[in-house]
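Here is the structure we will look at, set down as structure tokens.
Order as written gives the chain letters A, B, C, D, E and F; numbering starts at 1 within each chain.
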């Protein structure tokens, strides 16, 4: 009885098929679209994060394979601090910003471009010759100037020249960007990676800007998981910042999100990077994950 | 406790993620590859097949969305017989081939190009403006000549001009091909759809040639499901045909498979079209399905 | 005497040369230009029309060979009626429109795409692998909706996606279009071919829209050949329709002509399809033929 | 009676239509093909030749309009002689070749590039911005060396760099080439135009090489029009030259024809330039004109 | 002592290196930029000018080699006068303009296109297959009309079709343009070369328009070298013309310069063509040479 | 006296002009050609080398501006040693090779990619957005395997995938390559920079491979400047290595040179990087500098 054959398909196969079919409209929607993913230095630090990096790399490659154009932006605060410590140099912080003298910015550059960046590139390239690691110094990608006299080489972005990213993307590579910038004289600056992710997403006209963090998403009450914000708008976030609901280290992310969606990026996301394959789940399934920010309601 | 969040990911989400990740290497391998799928007229006939067509269309669109180049080839025997009947014309068969007089070939063309083909096109185009229905008469795709004097306009393929398929594929359309051919004078011929699928796969240098059938796969003993052949070679199949193990309606499929894999098509498959999303399962999961034929072992 | 040689050129040769030279400025003017030609189903019906089809095909191929981009649009009323009759189904007409139930629209589609369309394609392809037969269902070319509840699947055009035509034209094929449309669910609709020709010409930004009919051209007095209108404008035609001078079956053609020329098509023509090679004569000679409609005078 | 309308098509219109249709297969065959036409200086000299030039220009433009790629090569013997005479310089001839001292080659260049060439260009450009007049000096098109010490700057072709012709043709211009060459030092040489036409046709891989002359074609007996050779081969011509049947001024043409067809040019033609529109008649009608030379019989 | 090696670099080598480095920013600035250079007929006339032509050709080729797109425009007054004299025809001048009857314009065309133009082309092509000599008649580059009834075929430019220049430049050739124009009938006109250089520079959107003259530059007082104007604006020049400071033969140059810089050409220059390699010095060194005209100050 | 003006051109201007003209044929010869330059880590170490880097950067940009395609390869031995020292890690050497444990290779990667590479990139990018710093890990550029068990992560090149270099060059960027490689698992290896420069030059089919060193060139007797080898062949160098004339640190350079020229690189050079603008002098002047190696004599 041949009818039995079809019935014989296992439930597992049926579930696989339904997952692939569920992914279909999302794959269609995102084909050819650019997604800028900010990967935190925290996620790379420590001994237990090898698996997290492996999972992250699989997600990025999967995005590329189904026709998306992922761009990875990363910082590396913990790794910088550790190297500072090993080199016997104390980090000084003013208003939460690392005071960055000439020697410090050299260490920052060395760690980001020479340690964190190649780790990300290598993890991705296990799957093929995809990733190319650059920094904002390459091809003048990020032009910067000093933020304030007392902070040394802490920089603000003054201009983005995305030509090198376009070139790499058009050649079907995956750019992995260390957030060092430079001024016209070639002096390097340390730049907040959350901020860089946002301005690059805007400069590329990205479809999405995604922050992988170690929290579940934005909460109205940090202490109460039940207050997770599933979806919100730039204006609503402005309000939450203004009334102090959101503060601390989330500010650069939030400001980048609101600026990016107002500047043409369709959606920004705060995702929990500790969930395995959270990028795939967010992109290709119907399940709502983390916090999504749009320019306007609707 | 934010740690709980990650743990809180449901088993369903984990399964979804693992399915997507399982699909990754296959998606990579098949990107840009052409797959010719023969869809049987049987699958379309009858009242209960609306769902089968819907599932088939989803699979074809999914293939296209992940960067493959599907080409659909179809016949329509049952529909032809029904229209012959409605028009009061009796089908005469010689050696299993429909004797095709001038009026019959007009009916064949009318049913294939005007009834079966648009149904397939419409089912696919529910998902977007993908499918374009053509026949072998269009742009001289299939040149044919009479097979035997007594059979009338039953044709053998004499030449394939795949330019129109290349054009449609390059424009990212999905060609759906009704298996009518014509000679230099424009006379139409009825051509076996299994055969056409094979020669088109060969002409396109396709990665795969897939026959969707209503059996589980090839069996050494038709009556015994346990004799399903999972994988075999062209030479082994020649032997099975020679010794009579395989016969009847499978012959055109088998001959097309062996010719195609010897002509450069990497793999041919006999799949059970009654399994939901059998194309996705065969292409994008590790599960072995149906019978796979290669040119040589290994 | 060598002088005698030149004199010896026959009058026939001189006439040939002068015809070729007369064609020169027209060939130059129309190079690369798109011309949409509506070919009536009447012209194909009946036994004596084989020659007419042959001549028409020669003209279309000639246009293509001198660098024009012909697009053929056709209906098939007589053929539909005949098939309805053979299948024992009565056509019901309301206000001159065929009431089209589900079975009827299937027959319409079958006849247009499966019978009339391949005949046109085959006649053209005797000269080379030029023509590709499609319908409005292919690649979502014609989106349609029901005109009125009582008429069933008689459709009005809601949108044109000319991508498939552009693709075929750019690949130097000649699209031959059967005037079936579909809605988002894939349901087919029967659409007036005169109307389709007009909206496609407009969507393509065609140079010309040509109706091949079985009359000499528009007449002010249908009964009086001397009242043939050689040239007129959209506004003047509006007036003739408003005062009842033009009526009946000419209305869809006239409305399509006026809409098309107002929408950017440079010229619309009503030609007598019974004149051998009327397309060539209209396009490539100084002789005025039929009725020409422009957006404005001059 | 509408039938009368079609009957009413005048015989003239019918003849026009049949001429256009007769041209169809030739237009198809020659689309995109390069044809090198040698236009003799004789044809331009004298007062009565304005019309001949006008007719010639129309033919060249017609070829271009139907998609061919005409290349015109010309000399200008009579015009050179006249200018020599006006400047009080005597032409000295050795074995039929003009002894060309430094002053003479300057006059040759001046007349060919500055007088004959612009006349041809202007006649063609009455029809549009088609023709661009160059000489073999431009972009190193024709490299030459002295033929013999005593002849001065009479040159033989040593190399052809067809890049400038390819550039102009690809930009859809019509190159008009004056047959001056130069050596590495920039010294100009006077080169036989018949020879240049042949080597350029060969370098371009032309479809045809056409000599427009003031005779009807090759004759076995120069005095007897009945001995006109309609069609012949390179080998047969070698024989006719060897046995003295052909001689005098025809030798460079004949040698160029045989070399060109052996070098890949499909056909060479000796045509009677005095026949109006002889190029169109040769190319686009079934009438055999002048003498056709092929590499081999068949 | 290897240290001695570096020291041992000769002063000459150091100077060479510094010159190359000085050139660097200019090469960068001018890469891909079009520069129209007017080369005077005076510079070619006479026996001692062979070297000047050689140096000029080297400069033009050097510009091309570093990625610029030079376009040469030339006249040939002295050569025309000499040929007129040799042919026994007297030049008549009205208001400094040569009255140009039909015979005269033929001589002008013959001398410019057939004598001066090929000399320039040959000098450049000693270095490679770069230059292609054309006139305004080719491809309808310069359309002209009669300036005044009494002047005969002295023409004013009515339109520029730069397609042939774009084509040659895109193919990396160097156009050398003789300043003959034509009207719609093909009649040739003699056109002021200074004027043509300006309108072509404007039509091409050139970076620079350069006049090579036999004076050092513009002077406020012609008799006083100390009054050389190094840099000025279009408005300032208007004033100098209005008050009579500038007059005579400089007027067409000056008017062309002011019109060109107002029409989008970035800079116009009056240079002393008698200085060896003056083009290279002006383009690639910091030294100020001749007179530079810009649209506005700054 | 205007004649005085030309005479007035200073000798300096004349020398500048002659230098530019001397450069002309070299610029022509090298246009579009790829040149791989190995820049030694020694050149960057120490305090006095800022100027050397500045001069080097100018040369590289100059090469790019005149249409060449420079590719920079660098190591960084001194910088690695210094960082090892700062981090309190002792370098152990076996046969002159640094034993490279897991921690050491991380430091090597960090210093090369994060310190030396960005310094080179920044120096070049002072002139524009030209340089992009990558390593052999990016896009799988350099695949490596362990050289010997006892050496740890000292790698030999097993494969080069130059796609990322081609992509950057085609986008007109200047790749600056740190010589880290990786195996399939993503493990980094420290690879000799001299060797990498050679295999990359070969993979790119470079015109030249240039080693900038701190010696004058190869000498037959290291102690005797008079034995400098100006020009030699691969075979001759093999002999010099075999008989011990060349040894020590020059071996990797020499072996890379001989392998590269035998593999299709036209010329390899050993230059004295201490000479200001030595690259410009070697490339664009007639002066012979350092040692040139070709595959064969002549």
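Throughout what follows, contacts are C-beta pairs under 8 Å (C-beta built on N, C-alpha and C of every residue); 3 or more make two chains touch, one makes a residue touch a chain.
All values reported here derive from a predicted model rather than from experimental measurement.
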Neighbouring chains common to chain D and chain F, by label: E
Quick one: point me to the chain whose Cα centre is farthest from that of chain B. E
Per the C-alpha means, the centres of chain B and chain D lie apart by a whole-Å value of 56
For chain A and chain B, let me know how many angstrom lie between their CA-based centres, rounded off. 43
Distance between the centres, which are taken as Cα means, of chain C and chain B, whole angstrom: 35
Geometric centre distance via CA averages, chain F-chain C, whole Å: 68
Counting only residues that touch at least two other chains, what does the list for chain A look like? 128
Category of the chain touch graph - line, ring, star, complete, other: ring
Chain C residues touching chain D - in the complex, by the definition given at the top: 2-6, 9, 13-24, 27-28, 31, 58, 61-62, 65-67, 127-128, 214-216, 225, 272, 274-277, 280-281, 284-285, 287
Chain B residues touching chain C - in the complex, by the definition given at the top: 86-87, 106, 109-115, 117-118, 121-123, 125-126, 128-135, 137-141, 161, 163-164, 167-168, 171, 173, 180, 182, 184-188
